[in-house]
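Each of the two complexes below includes chain A, the first together with chain B, the second together with chain C.
Let's look at the complex of A and B:
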């Protein structure tokens, strides 16, 4: 009441106070730079957070964090969660969730292991060159089938995804145990093992450089193609300096990463390891999923459903079938992650992937995916996975107790989402 | 017959003796109505008068129990929104039905995306088309790359209308297009409707706003309790007479001064 009566007199008597111009102008110029570079501020913020975490752990661990060896290990450890997180983004964007990925990973890992250890040798003999292809292919098909099954219940029977996949979490864990009565299945096919990145599971130094150079060419080609397309339609071009900065930073980061990974030799030799297969797979999956999310109708529909399911339906989109496809997709990605995990362990147990659903969801959410749907990016989820894994392995290096590690990861998850929510409210 | 509806042209759409019942209630009870090119027909009536149900049978959101829909002289069957769209009938829902998290071009082309020869989305081409479309419909529209949730109500309405008219719509159904808008935005949308009318579209306008109706419509169809009270030419009636039709179901000729005074009590 007092506000209402005071407002007119105050407004009439004194002119509206002019805000101090200095900070506003500075803020506008930073956002101006960001805008003309068309950078995603959220992704940029995450990369800054990642840099702070890395430097902090490096200091805390007495210089062991930022070594080629640790970063190489970090890249391999991030792979399974990163691979699954790219699929989780689309599931969450469409206003669903998949809590069953950890248990599915156990079932799929178990299935692939049993297939290559017990079934295929009796048909084709031991160490047949096709063993790994058949096992992986079967895992992928089974993953898609489980995903389709769960997705169909969500989409057509309209049971909430939370419930369906919570059931899945319990069911698939039990199935994984029943498949081998709790036995550990080992050892795996030697070629299959390389998927997990073991001793021979890297592409080597020269191939890493070739890939890095190809990636650089790709970055430049994308920038050039984008300029050409915009010029064709006479749209405003991004300033040339911005494109040059993006190109230089992008190619620099790629070459730098290749250099770091090539600086960690195979134990006992001075031969560079280069990228591990799981990391190559994660990068390939990341590129493919980014393409799917941004450049295909399927991806566009997933986002439209997340933004307004009714609008998507009225637009003539087959929303239910689209949802089933997102669950199939994450099933396939879980199969790939299961191959990486079992390959790395050289064994499958029914306890594989425990709590992975939470790490995968955490990676997606730290990476800027909104649990209310409609918002999320694949690169964000990959950086989120890297942030989560960095925290864990950094704390291991610093000798932090396991329970405390969980506490820190939990706190970071909540803080990251809180910051993101505040940021989004301000942008609006 | 209305002055704008030329006698020689076939109506864009004729709805003959449409009936829809929910349980025992006749939501629409034998209504016949037509629409000519370059004409705005307002559908007015109180809550529950049946205007939305009637129009849903045309937009494909609801099936009529009986009756006939004739589009440009040909009887058609419309059983879902896709059918309606195939006959050039587009609907702008009161809730706008936009996906808030994606940008204007993506919304306009939702479900009908332009693609490159590799089958991928051609966002640049869609943005280009959107710029041309908006240049025609609403030259003040400039935000092509931001999620539509950050647009004003009038701009969002422009996006919804652009989506409806882009794919060669001939018949446009607008449900309360100005209900949630401020005065300036209402003007923007009214301007847009006049523009579309001039381009030869036929528009069914559902509105509660008698000012909208008298400003935009050529003919006014009044419904009461599922029945059509009458269709009148805007220039031949007063607002009070239309109100008498809406509230009491009285024809303009039958209405007495006492009835009109009663409206203003």
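Let's look at the complex of A and C:
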């Protein structure tokens, strides 16, 4: 979760030429404050919505929702959808869609499970220390291959991504079933299981504090570097108070999250759980994907293609190859999510990941990614995933039954996008 | 759903009285039939033969009976397509089948084919899944009993305490059949009005501390729900009644993360290899298993009787006589056909076999039947003293 709180600063660190602040001091309105802090108002709005949801559920569940234990659960439960949503952002930004992620998750989970339960033990023996590496590596390669295959059809054969991945949704579900004739593959390799969290799948209390402090140092360093760079290129400086507020809030949120996760002890002991591996993976993926989207040529190209495909092509961007890469990227992320899901469940079934495509797309869209392309942020998608999972977990705590849960998630999706659309029109 | 459950009960119970008189006669009939079946042909229409189970268990058991009786077996595979299956049945009829066994992809879409068969005087056995027609003899397992067996096994371990109920998909009628059976056993055994979440009975020794449907029976959803129930109750959960083995796997994973696996009894159904392994390891208490071999053998036996001209009402099957290993699947209501009213209000003739609750004591049953391999069931650190099948 700490990457989420660090996100506004990371995003804001991009030097953007803004007109110099007016010399006459006016009374600071809320929007004025937000503007001088260069906060993304949509992300800010989402965080406020998340806070309202959390407080609401906490009251509704008699104080259970905001316990360290539930927030820890929530962080782990969010991980698979969060990991996939970061890739979905780039796919949607490039004006495509991937409906096959849920079925792909089943195929990749099944492949990794069969590999480690049936194949690797016959080559290397049971409980070999390399089992999890080989299984995960094979899953990632297979995920990239499936993504490249679908992406190539979309990019080079010009078949709409909706159709290609709708086909994929059916095909990969069938393949997952055929791989083991519908059997459940279990139990998995003990090391592989820790990828999904569980009793041994956490980094522990001290390591969590170390990570949190490193993250705080990173936030401050980014702020300082950003000021220095702006001064060097003579861009407008953010007022010092704004940088200080961002720094204090950012580091406070990171340390707070670490404190919450560390106050949930391992069952039967006083030892702190700390961050679970799947959450560490989600944060690492989030940081990497944010970097990829904002700071690399590939990321710029994806946004350029989404903004105006013809112009991007005429501008000399290899649009087709770039699209294939976005699909490969989401394939790799689905493989990681599949490892988390199967590791967590300690089993692979052909029904794994059903409806995940919708939750992943919902997370990206709730997080401000525009289905018409060109707009979207990675931190937004992670917060979107957290919002969607909070709704589901919270409703279970309150004893709301499954059909009603689906209704609420559906309504929230539509309302979130409606609000976003209205907001965007007003800004224009 | 409860009225239907009651009807199932009524259907099963109504013929109890005259069971004794007819059982002997039927045995004699079957004997006689075994000697001279002429050159009968039985056609079987599978809905989707790709599923491992049908070839491994059901068809194998059917063929054994047909071979013993000297009956010719022909079959078709509809590949999950209801339209294809209608054509398949017509095809089997033109190939000269004297009786049909139909595993319906869609119990309503198959009706034209069943009517066509009836018009030509060819009797039909609806196999495993209901065909909503009085022209088809209904042979299946007792789904309400599955729920009862799950609850019974859990109640034996935990007669009082906090229960969690992990139910199946809300759109699937079976989810409520199972829950109905569980409710019936628990209310009666504990002497409560209900064990629903809003139980008005304050003296009930069983407290329902969490109950939830599970989208698509998905194990990962069951796991998340179980985590929430554990959080909500601060781990004070004494027993979990899960409706199938996949979801039981999710529940056990959630319990394991809290160090509670093996301490909290968990139920399931299907006899999944992974679940039977959990039973051996002690992390799951029971997996209710439907012996597909017994079902296949019973269907073959019924089809032969029908092909020889027996009326639906005269049908009687002694599964133990076919193979002593099938004894525990024998219908609770006795071997004779009985009336059964379907959820759609159609009165059909049926035989309803008994499922088997598999625990550590009788783990050998699915192994002996050839349903699973011993090394799969007994994989890992199994306490062989407690699990005779793994010695």
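Following the convention adopted for this analysis, the second predicted complex is superposed on the first by the 400 of 428 C-alpha atoms of A that agree within 3 Å, B and C clash if a C-alpha of one lies under 4 Å from a C-alpha of the other, contacts with A are read in each partner's own complex, and residues count from 1 in each chain.
Everything that follows uses one rule, which is that a residue touches a chain if its C-beta (ideal position, glycine included) is under 8 Å from a C-beta of that chain, and two chains touch if they have at least 3 such contacts.
Not measured: the values here are computed from a predicted model.
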| item | value |
| --- | --- |
| Touched partner set for A:151, first chain B, second chain C, both or neither | neither |
| Partner chain(s) touched by A:368 [first = chain B, second = chain C, both, neither] | neither |
| Touched partner set for A:278, first chain B, second chain C, both or neither | neither |
| Contacts of A:139 with chain B and chain C, given as first, second, both or neither | neither |
| Which of chain B and chain C A:380 touches, first, second, both or neither | neither |
| Which of chain B and chain C A:168 touches, first, second, both or neither | neither |
| Which of chain B and chain C A:354 touches, first, second, both or neither | second |
| Touching partner for A:183 - first (chain B), second (chain C), both, neither | second |
| Touch count on chain A, higher of chain B and chain C | C |
| Residues of chain A that lie at the interface with chain B and also at the interface with chain C | none |
| Chain C-touching residues of chain A, taken from the complex the two chains share | 61, 64, 67, 69-70, 73, 77, 178, 181-187, 197-199, 267-268, 341, 344-347, 349, 351-355, 392-393, 396-397, 399, 401-403, 406 |
| Complex contacts: residues of chain C adjacent to chain A | 50-52, 170, 197, 210-220, 223-225, 227-229, 231-232, 235, 245-246, 249-250, 252-253, 256-260, 272-275, 277, 379-380 |
| Residues of chain B touching chain A in the complex | 81-82, 85, 93, 95-102, 106-107, 110-113, 115, 119-121, 124-125, 127-128, 149-150 |
| In the complex with chain B, residue positions of chain A that touch it | 229-230, 232-233, 235, 291, 294-297, 300, 303-308, 310-312, 314-317, 374-375, 428 |
